[in-house]
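Both complexes below contain chain A, partnered by chain B and then by chain C.
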Partner chain A sequence: MNDSVVAQMVVSGALMGLVYALIAYGFQLTYATSKSINFGQGELVMVSAFICLSLTNLGLPYPVMVPLGLFCGSLLGLFVERSGVRLALEQKSEGWILLTIIIGLLFFSVSENIWGRDDRPFPTPIPSDAIQLFGISVTPVEISVAVGVFMIMGIIELFKRKTLLGKAFEAVSADRDAAELMGISATKTIMLSYSLSGMVAALAGILVAPITTVGPTMASALVLKAFSVAVVAGLDSGFGVVVIGLFLGALESLTSYYVGSGWREAPGLVLLILALAIRPTGVFGAAVIRKV
Partner chain B sequence: MLTVDNLHAGYGASEVLLGVSLTVTQGTVVALIGPNGAGKTTTMRAISGLLKPTGGEISIDGRQVQGMDASRIAKLGLAHAPEGRKVFGPLSVEDNLLLGAYCRLPKFFGFLGKAAHDLERVYELFPRLLERRTQSAGTLSGGEQQMLAIGRALMANPKVMLMDEPSMGLAPVIVEEVFAIINRLKETGITLLLVEQMAKRALEVADYAYVMERGRIVVEGKPAELQKDERVLSAYLGSVATAE
Partner chain C sequence: MRRALIMTLLLGMVVTQAFAADVIKIAITGPFTGGSAPMGASMRDGAKLAIAEINAAGGIKVGAKMMKFEVTERDDEAKNERGALIAQELASMTDLSGIIGSVNTGVVLAGDKHLQEKGITKIITPAAGSASLTQWSKAGVKDLSIFRFAAHDGIQAAMVVEEAVKRNLLKVALFHDSTNYGVSGRDDMLDQIKKQGNKLEIVATEKFNIGDKDMTAQLLRAKNAGAQAILIWGIGPELAAIANGMAKIGIKAPLIGGWPLSMSNFLDNAGKNGNGTMMPQTFIEEPITPKAKAFIDGYHKTYKVTRIPSPVSAAQGYDAVYIFAAAVKQAQSTDTHKIKEALEDLKEPVKGVIATWQKPYSKWDPANFDTHEAFRRDQAVMGMVKDGHVVFANDADRQRLIKSATAVKGKKAK
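Up next is the complex of A and B:
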């Protein structure tokens, strides 16, 4: 067994794992403010990728297409919030689970009708010819995944820590009633979290599409893995999803190499079951300490 | 400044407030006392909008606010230091204070500069908070959290302030400190509605007081009068005095 092959597997798997981490981060954003998540997040990834493909086909250059795509993603996120999540939250029900699944299915059939069922290549100006880095060959497309993921998570975390609006976001997740008493509208903050989450999903779509191609089912496996990353890492740790995402990605590609490619999906599911059984708050999830 | 007229509210099918009326005029401290379960905290929650009243009117500075979201009522100049303090545990002490002034500050950048003056004022009142400004609020002691909750409400420069059970769960020496602060705030002309279990202490600081029982105001008057009232004396002041 060759060390460099293993290293190669770990690196390219881990880079893919960053996409899981990014989608999982999208779950965390909305969970923080509203204790709800969009179970149709995978469809947001897919629809955004299709929209970006159409924008590219219209002749828009990449640097224009990306911000437009992110903007569309945040609009889609807002749509999910307004047409589904809010209705359930207003009645303090758990109906958002079904509603977000239904909206996801709706997105799925709409995009099948608009864009068809075929998987299509996603053109990108970033070259996909491998380059050698410390003896490991990576493609610039893979590197762009890492850069994109860390950039957007960095920007959102900075926003949460350094701006007053971001601190208000944290306040709503810490104590919704108390935040309302400060004049912070919980409804608007939840809208903000859904639009950020939609934007993150769109970026995941843009980053991953050159690797996976664009098709109606492109994100169904991704989102399942993202879900296990979110559960294993805990729904409140941005750092945790990155670590677990990297880990799961690497583990997957090693599994498919050593055990067989049919077993690729197994580690994510096993981790999910273990996490739910052993530590439901997540490896990085803090147990809340309350002083009364 | 704050008028509550025939306020009804409750949780689900159970009505807790059965027509509460009270007035807090500008620059006065008004105490709302009464036994556990009388509806004092419910009154506070209904005024600040955390609980939607089912009937009656609330006006702040002449504006009707019943039925509005809590965040809108806060913008109109009401600050509420709630029961159980409810500080933002994971955020730093200073962030908690800044959020108190959320309505008045720019939302992205430059909020620190704009809040500097008010922060200084609160830190002067609570030097302990200055010492701990970078510490996360959840790690503070109960007394410090209470100071923070009061400071955070003050940051809003409110027209009216509600303070719910500031002495709850605190050591006697800290309770002293809290009431000293309330006295200082009174000297600065704050308009305050104070809910307290420690009726005696509340009456000492208040200009006017209401006694609440089973969802209604049963007695009201100047503290000096209430302290002479046989019923109030035996029901609240006596028992509280022995409890202390």
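Up next is the complex of A and C:
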């Protein structure tokens, strides 16, 4: 084995893995508070990327476009919560599964009609020329993905631990009924978690679009990987999705180098089956005792 | 309500019947949306430009009447199953004179059997996959209504291999996507390498899927195997991912491959990383002859662009319509079978923007699919990407085309 090749493959793969982790983090945020996830998360990523592309085409500079895009993302998250999740949760039904899928399909068709089906380049001020770090080629765009992912996750985790609102968030995650008895509105907390999740999706869109180009199907492959990451890591741990995301990304690119490019998707699926068979709560998940 | 609806429908049928007698119905099919759209939409727009010119001049004289073209458009979205449905629909139209189109070889393979069954004349352009016509050779079909107007992959693969040999890039990596097009392109390249005396050594063969963005693994394998050139068969967005990946890991070897390397979604998404990429072309967007200038200006003005998304597709769509029109004129009929016979034996040369076409087709012979192929090696040139545009890779080709255009004019003057 050639060390520099291994290092290069691990780094390239792990950077892609961070994007899986970021999308999986979006699942984790809403699961924590409401035990529901948005199956249309990939479409949120895509719609946000298209909105950001339109904002850029309007002539907005990057530093203005990014916060606006994040804001739109959180609005979209709120829309999903209001239209697809809240009613189902109030009736204690699993209807949110179908509803979020349907809203995702809706987003897909709407954006096909507004923006068309072509893959388009996403302008970014971050250069895409490769630089050498310890003999490994990476592009600043890829580094921006890593920086962005760690930044937003750090901010959200800090917010959850240090602010009153964040503590309410944690309380609802820990025990919804007890939190409500303490006067915390679970509905509002769930709204918050969905808007954060939408914001994370928008950031994923902004970060990954210069690499994947923007098109209606840009996130469909990513979101499947993110599901694997979320399930393997367990839906309780934000730290877990990062570790598993990095691991899966690196494993994928090593597989496609050493086994062959046709086997690229295999490790993710094997990992998923193994996790479900051996540790259904996820590697970093805690077993929850369900009181009946 | 219901009665009104039926009445309207009946009325509609009567009205179309009345018009039907005076028009030549032609269908244009192709992917007008999605990753192949630059080729499909340019082909359509080029064809419609030619149709607009013919209609503006009053149409084609068939018998005592001047007949105009009427176009039906169908978007196959580059999907095989959509293509099959569209072909079935078109095959059931009794008054259709012919079809021009198809970008994706998979779509051609899925749909054309329905057309051939009914004997509907189709000119395939710009789909280049060899299988589109070899499937009929293999089946031993005696009478074929399918023609092609594109430099097929056999010609293109030959040129790609020639170029690598000419530039003394003897260690090559073969890259291809996992579609029908990519796999048959790889086979054509392997075939050509053998035919041209095994001068090239294949150090790696790599494949990728539609939608893949990270090509680092495949490229590193090629790099570590010491590839001096990457010969590639794929479609725009993935080709761009390859070009960007090459820049990232510092591969200086040139990218040479099938003509989708000239698609706008490759040029735009690869940016300056696409510079130096080479691919066979049948038309370069450079006004080297008056005819080419008129065509390019016409396209830019009509569709309000400064660059044709796929010049090859546009020019081929344009010339295909003129060849079809010449066949209608010679057949003196809108009957698709008679047009087919005329196409197989065109008496008059057809002046197009790519070349002047002298008897592009002859009677179908299953042993020789070239009988229904319009392009030969001479009509194709090597193009090279330069700052988002495709230019001539070898100036000799440019001079040759200018010379042949003036030669034709000279002949006419005599």
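Just so it is clear, the second predicted complex is superposed on the first by the 286 of 292 C-alpha atoms of A that agree within 3 Å, B and C clash if a C-alpha of one lies under 4 Å from a C-alpha of the other, contacts with A are read in each partner's own complex, and residues count from 1 in each chain.
Assume a contact is a pair of C-beta atoms (placed from the backbone, for glycine too) under 8 Å apart; a residue touches a chain by one contact, two chains touch by 3 or more.
All values derive from a computational prediction rather than experimental measurement.
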Partner chain in contact with A:V5 - chain B first, chain C second, else both or neither: second
Contacts of A:P67 with chain B and chain C, given as first, second, both or neither: neither
Which superposed partner A:P127 touches (first chain B, second chain C, both, neither): neither
Touched partner set for A:D175, first chain B, second chain C, both or neither: first
First (chain B), second (chain C), both or neither touched by A:I184: first
Residue contacts on chain A - larger count, chain B or chain C: C
Touching partner for A:T217 - first (chain B), second (chain C), both, neither: second
Interface residues of chain A shared between complexes with chain B and chain C: none
Residues of chain B that touch chain A when the two form their complex: 48-50, 69-72, 74-75, 79-80, 82, 84, 86-91, 95, 98-100, 102-103, 105-109, 111, 138, 140-142, 145, 152, 156, 169
Contacting residues of chain C [partner chain A, same complex]: 33-35, 37, 77, 178, 206-208, 211, 213-214, 216-218, 220-221, 224, 236-237, 240, 244, 247-250, 265, 268-269, 271
Contact footprint of chain C on chain A as seen in their complex: 2, 5, 8-9, 12-13, 16, 116-121, 128-130, 137-139, 211-213, 215, 217, 220-221, 253, 256-257, 261-262, 264
Interface residues, chain A side, partner chain B - complex: 163-165, 167-168, 170-171, 174-175, 177-187, 288-292
